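Take a look at the structures below.
You will see subunit A twice below: alongside subunit B first, and alongside subunit C after that.
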Partner chain A sequence: MRIVEIAVIILIVLAFGLLITVAFSYIAPGTRIRPLGEFYLYATYNPYDPIVRLFTVMSPEGVTAIVWDFRGLDTLFETSVFYLAIIGALALTRGLMPAPRSEEGQGLSVIVKSVTKITAPMILAVGASVGLHGHLTPGGGFQGGSVIAVIPMLMIVIFSVLFLAKRMNVTGFLILRSIGLAIIGFTGVALFIAGLVLGVPAWVFQNMPKPGAPLSMPVEVHGALISGTLWFFNLAEMVAVASGFSIAFLILLLVKEVEFRGKS
Partner chain B sequence: MLDGATVLRVIGSALVCLGAFAAVVSAIGFHRFKNFYLRLHASTVGTIWGTVYALVGTALISLTIEEFGATKWFIFGNIIVTAILVFLLGSAGSHTLARGVHKARVARVQPCVADKLDPELCG
Partner chain C sequence: MEPTEFLNLYLLSVTIASLLANVAISLYGVFYKPHYTKKIIAVSILSDSANTIAIFIGFRRWLSPSQPPSVAIATNLSREGIEKFANVGVDPLPQALVLTAIVIGLAVTLFLIYLGYMLYCHYKTLDMREIRRLKG
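Up next, the complex of A and B:
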């Protein structure tokens, strides 16, 4: 019987291997690039070509260049939708207060708490690195903010919801989030306002100089590439997403633990 | 001749081999041990010996590859940080699992010599 079992297992493994090998030749990415993709690849970072130079973003990261420049207005409204979703959640749960005499709960053992205290600053560093290098390497503001939002999630699971609820200032986080969105909005219209002041044509959401609109955000600061608006967008988006997700996690998990007060 | 790079490479390779050996031992233990806590112990052998030692070994080897230039220090630092994280989180994670399962009385300790925390789970 054992021989039959082993033979069946080996046959299953071989069958899946064959299937994957055959399927791979169909689904594997080929070497052919479509013209649209070719344009983006060529124009993402290209100060050399005299014509493509007029469309470049000066960022070696194609995805961030598309998300925050080529289709930047779309991302602005995505961020606004996320902002409104958090506002909606806050409006639904307004008057939510930790009961005055409620126990905080024990949480997990002291070993896990100590390890969490050590790793939480490391998570913050990784999130900041992912967010602030968004214009150089894969990642960006949303991804970095999501990484940072893991910290309150860990605190909720390992310490307890009420532990976090008594220490986290929801209003402060909401203000931080609004500041993030305000920076995004201001960066979007910064060159337009500068154009109005200087009397030069300029676009809303403009980053690099365009034909007829010679103004440009700084490409480098002290030799470090920041790709104009992309760095500011990533920074502000990271702050907004991190604080937004923190509020969302806290509110959603707090509902079971607390009482509603008659506050309108 | 015995220079620094060779020594580093030999030590690193030895650590990687140790990690591979520990991974095999861990897999055998995971398959053969009788109860949940022992199997958890076997899997932690694979995490700490099999991953952390192998990572430190690759970090030492990466220092000897001159083609990387200054990048080798970034690779070294990344691998060491990863090793420290796996070291901390692997042990904390297995501790949490064992404690949670024992407190929830899900897995019995079997075969059992003594269970001072909860004698009813013994045997």
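Up next, the complex of A and C:
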């Protein structure tokens, strides 16, 4: 039996090796990248070129520009996939009730708790910095939200899951998450609605002015570059991801504390 | 072939070979490990290896021994700076696709974990052989 398993591993390696050998000219990095990638690099911040400026995002960060503008609808549906996963988790754990227990005497020592109280705002600041500078530096809404989601995890480990559940329950996080998603949806159609009101053609998910659709989101506010919709998307995605992760941790660790209501 | 050229190609081959070994080991874990949690861990290793391979596809070779490829973030926003940036930056498209893949992989993992929890509630075990024996 062991021979079969080893043979399977060797066969997989050989098959993938064959695939990579056939496609090696695509996989080996050359001094030039693909034309599409080069266009994205050239167009991500380009108010100079007379043709490319019709497609620019005005964001120096190429990856965020692709994620939220060039392929913005893709990311919108990706966010809804994550939302549906949380909804699925809530549906699967429906009918589980927390056992009535006191949080007294749970968690780690006073030293650890005090240090956590000091570091939690710092983590929040780092996460907000990563998320809100997503159009300038590496990072973005998802990464910033993941950093912020460390705080509820720390609170669960160091205080107790009941400590967190008493202050911010699943419904609260769900409301926060829905607010984030609502902002994402509203930012997506903001220029479209403005176009309807002003009687000017405009697109859904439009960011910068396009041929025939002259409206645009603000590129900068008081000299600070915000790249139009990108900053709003990053802010909303940060809130949504942080609360989504918190819901996941909270349910996952609350079920340890629950008993079944009725028959299991 | 020059020694540095050979060394570069050799190191690239080592990286790709180890990623392939990673893929093979994770597929082995998905197929043959009987425990549900280990299957989930294997799936996440598989998706991370695939993402790393995708990042490698978008990489750019060093233009000269003194000029490394730039990350996909423009720092000099003048006209010349942007034109130079388009010639030295790495491909941002695979990175954006990998970001999407990571989020979706996370959602799938989350769903699998809750599914495993319900599996445990019903069968009182996560061993796949036991579950097959209990209910077809």
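The rule is short, and it goes like this: the second predicted complex is superposed on the first by the 220 of 264 C-alpha atoms of A that agree within 3 Å, B and C clash if a C-alpha of one lies under 4 Å from a C-alpha of the other, contacts with A are read in each partner's own complex, and residues count from 1 in each chain.
Just so it is clear, a residue touches a chain if its C-beta (ideal position, glycine included) is under 8 Å from a C-beta of that chain, and two chains touch if they have at least 3 such contacts.
Keep in mind that what you see is a predicted model, and the values were worked out from it rather than measured.
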**Prompt:** What is the contact status of A:Ser129 with respect to subunit B (first) and subunit C (second): first, second, both, or neither?
**Reply:** neither
**Message:** Taking the superposition on A as described, I'd like to know which of subunit B and subunit C A:Ser216 touches: first, second, both or neither.
**Reply:** neither
**Message:** Touch test for A:Val115: subunit B only (first), subunit C only (second), both, or neither?
**Reply:** first
**Prompt:** subunit A residues in contact: does subunit B have more, or subunit C?
**Reply:** C
**Request:** For A:Glu78, select first, second, both or neither according to whether it touches subunit B, subunit C, the two together, or no partner.
**Result:** second
**Prompt:** In the superposed arrangement, which partner chain does A:Thr44 touch: subunit B (first), subunit C (second), both, or neither?
**Reply:** second
**Request:** Check whether A:Thr93 is in contact with subunit B, with subunit C, with both or with neither, and answer first, second, both or neither.
**Result:** second
**Request:** Once the two structures are superposed, pull the subunit A residues common to the subunit B and subunit C interfaces.
**Result:** none
**Item:** subunit A residues within the subunit C interface of the complex
**Value:** 5, 8-10, 12-13, 16-17, 20, 26-34, 36-38, 40-42, 44-46, 48, 60-63, 65-67, 71, 74-75, 78-79, 81-82, 84-86, 88-89, 92-93, 136-138, 140, 142, 248, 251-252, 255, 260, 264
**Fill in**
Seen from subunit B, its contact residues with subunit A in the complex are 81, 85, 88-89, 91-92, 95-96, 99
**Request:** Give every residue of subunit C touching subunit A within the complex, in rising order.
**Result:** 12, 16-17, 20-21, 23-25, 27-28, 31-32, 53, 56-61, 63, 71-75, 77, 79, 82-83, 85-87, 89-93, 95-96, 99-100, 103-104, 106-108, 110-111, 113-115, 117-118, 121-122
**Complete:** Listed in rising order, the residues of subunit A that touch subunit B in the complex are 108-109, 111-112, 115, 118-119, 122
